[in-house]
Amino acid sequence: MMKGSGTRFADILLIGGLLAASLLWLFVSRADGTEGGMAVVAVNGQETGRYPLDTEGEVALNGGTNILVIEDGKARVSDADCPDKLCVRQGEIYRTGQTVTCLPNRLTVTIEGKKGEADLYLP
Amino acid sequence: MQKKLLLSLCLAASVLLSSCGAEETSRNGPLSRRYYHYFDTVSTVYCYGSASDEEFGKNVDEISTILEKYHIFFDIYHEYSGVTNLCTINKNAGGEPLAVDPELFDFLRLCIGLYDETDGKMNVMMGSVLSLWHDCRQEASGHPENASIPSDERLAEAAKHTDITLLELDESNLTVRISDPLASIDVGAVGKGYAAERAADYLRTAEGGENYVLDIGGNLRIMGAKPDGSPYRAAVKDPMNPDGAAAAVLSLEDVSCVTSGVYERYFTVDGRSYHHIIDPDTLYPSERFLSVTVVARDSGSADALSTALFCMSLEEGMALAGERGDFQALWITPDGRLHMTDGLVMAQ
Amino acid sequence: MKTRKLTTLALTLSAAMILSYIEGTLPPFMPLPMAKIGLANIAVLFALYRLGAWEAACVSLARVTMMFMMFGTGVSFIYSLAGAAVSFMGMALLKKSRLFSPAAVSVGGGVLHNCGQILAARFMLSTDAVVYYMPALMVSGVLSGAAVGAACSVILNRVGVK
């Protein structure tokens, strides 16, 4: 062990603490979402569209930089012109709070709850 | 030493992360299954309770079988081999009596009862008139430039073949016959609700059948309260802005609820829109309301009443509700105002 | 002695840039935006222990700036800079406390790097939606920080701190 490089106890406390805190946050944030009703698309923070999850279809977003697909009550980005395609790899989202972000295109797709506070919707 | 520590931390983290992945797919909110092919509309079965995936799977399979059965019975456009359905009965109009499944017979008997209960506003023998409107709606959706409405002569002619007594039921032989070759049966206004109620019958005795909500093409059949004991909150659309905020949110528990609205199925001719709820008296889409919502125990009744109330004045409808006392209703008039029976409970 | 230090600094910066470049060619290891191993942090951490805080800051800033000038786009520069700045300040403080080993300092830096990027994204995209990634990115930061720390510890053990 190098001199002046700290104690193992402090290390464990820091690493363990950070890991525990982040995992706890991860669990809590992933557990509290309910089934969402709407995929909300924003470019540069400006909302550009809302798409109900109970419809099916394909939409070109942001002038075609990203393609949003809504299917089986879930939303995903099926194609994008960004180099890393991380938005595509983030897969399907369907619970409130879940987000797909395309940083290069400054675009976010966020799941919001169904409109209003109702459980059920009449035709 | 340090490397070992880091290695074990990484391992622990990856184990936790992978269990986290499983959490992602676990359930939050109701289990649900959706069907797109019954009654030409979307049906969803929700289970808000704690049923296991296996129980839910078994129950939705059973419900699907029931819906399929009634879908086939009520289909007026297709015949199915080995089944006498409404299409068979319509094609055979004017011919010999046909033996039908006792379940279809029960339903048709109920339809005749509904005619009397609603003073003829809910008439399943309107097939000849409804098909004229249906054909125009189909044509308009395929070729909007050709959109037209049925001529008054054709409507008047068709209306001569809509008497409920043209539907002859033989109780002893369980046979059905339409005595007029130009008459036909159409149960679009009651069939989905009836099927929903039959699915509810199944759930009442099924294992793990608690806390279900059936949405059969917009006919909500709510079984009991939410698992926490509170009532469900059901949103009624604002007909002026169907995609916007709800016009009202109803508090519902162990009941059926359905809305008939002008915005559901319609077509446009020369800027005027024609929806699917045809008044048996005028033979035209009813202009009285934008939507009518009915809350009743029985889903079949709720479905039929929403159509019947649509074709009555508000006063007649209120009177019917007062007289029967077994349903509540919410009317939205063309001026956007809400009218409701006293017993209707709004969610807070 | 000064020349020797300058040479080490230059070599470390070159190493940082090469590591940065190598990382750029790797596919993302998690389907999360901004989740990176942060290989270049090996060099920054090395500089922090071998050369000192100011020198390490130079390596970090110069790496981000030069990578941007050679390969970058405007947006990625802002994220990299925000992440690197927050991460470096955190690591310098953690080291100064003399409580932690280089590995733990690196873990702290990894987490803070991701926090800094999220904050930048929050401002760039003006939406709180990106905070959704924070917990997952923090976990990723701990893991990648540990990996970087382990790698750097091996080097420091061979070369020795200043």
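Which chain is which? They are A, B and C, in the order written, and residues in each are numbered from 1.
By definition in this document, a contact is a pair of C-beta atoms (placed from the backbone, for glycine too) under 8 Å apart; a residue touches a chain by one contact, two chains touch by 3 or more.
Predicted model only: the values in this text are computed from it and were never measured.
A.B. asks: Which chain is most remote from subunit A in terms of Cα centres?
C.D. replies: Most remote chain from subunit A, centroid-wise, comes out as B.
A.B. asks: Which chain's mean C-alpha position is nearest the mean C-alpha position of the whole protein set?
C.D. replies: A
A.B. asks: Of the chain pairs A-C and A-B, which one is connected by the greater count of C-beta contacts?
C.D. replies: Most C-beta pairs in contact, of the two: A-C.
A.B. asks: Please work out the Cα centroid separation of subunit B and subunit C, and write it as a whole number of Å.
C.D. replies: Measuring from centre to centre gives 60 Å for this pair.
A.B. asks: Roughly how far is subunit A from subunit C, centre to centre by C-alpha average, rounded to an integer in Å?
C.D. replies: Taking the average C-alpha coordinate of subunit A and of subunit C, the gap between them is 25 Å.
A.B. asks: Quick check: how many Å separate the C-alpha centres of subunit A and subunit B?
C.D. replies: Taking the average C-alpha coordinate of subunit A and of subunit B, the gap between them is 35 Å.
A.B. asks: Indicate the residues of subunit A shared as contacts by at least two other chains.
C.D. replies: Subunit A, residues with two or more chain partners: 1, 8, 11, 15, 19, 23, 26.
A.B. asks: Enumerate the residues of subunit B that touch no fewer than two other chains.
C.D. replies: Residues 2, 6, 9, 13, 17.
A.B. asks: Spell out, as numbers or ranges, the residues of subunit C touching 2 or more other chains.
C.D. replies: Residues 101, 103, 139, 142, 146.
A.B. asks: For the complex, give me every residue of subunit A touching subunit B.
C.D. replies: Residues in contact with subunit B: 1, 8, 11-12, 15-16, 19, 23, 26-27, 30-35, 54, 72-73, 95, 115-123.
A.B. asks: With touch defined as at the start, can you tell me which subunit B residues reach subunit A in the complex?
C.D. replies: 1-2, 5-6, 9, 12-13, 16-17, 20, 23-24, 28-30, 32, 34, 42, 213, 215, 217-218, 220, 222, 226, 232-237, 244-246, 249, 252, 257-259, 261, 264, 293, 347
A.B. asks: Would you pull the subunit C residues touching subunit A in the complex into a rising list?
C.D. replies: Against subunit A, subunit C makes touches at 28, 31-34, 73, 75-76, 79, 94, 98-104, 107-108, 111, 121, 124-127, 129-130, 132-136, 138-139, 141-142, 146, 156-157, 160-161.
A.B. asks: In their shared complex, at which residues does subunit A touch subunit C?
C.D. replies: The touching residues are 1-2, 4-8, 10-11, 14-15, 18-19, 21-23, 25-26, 28-29, 42, 44-46, 84, 86-87, 89-91, 97-99, 101-104, 106, 108, 110.
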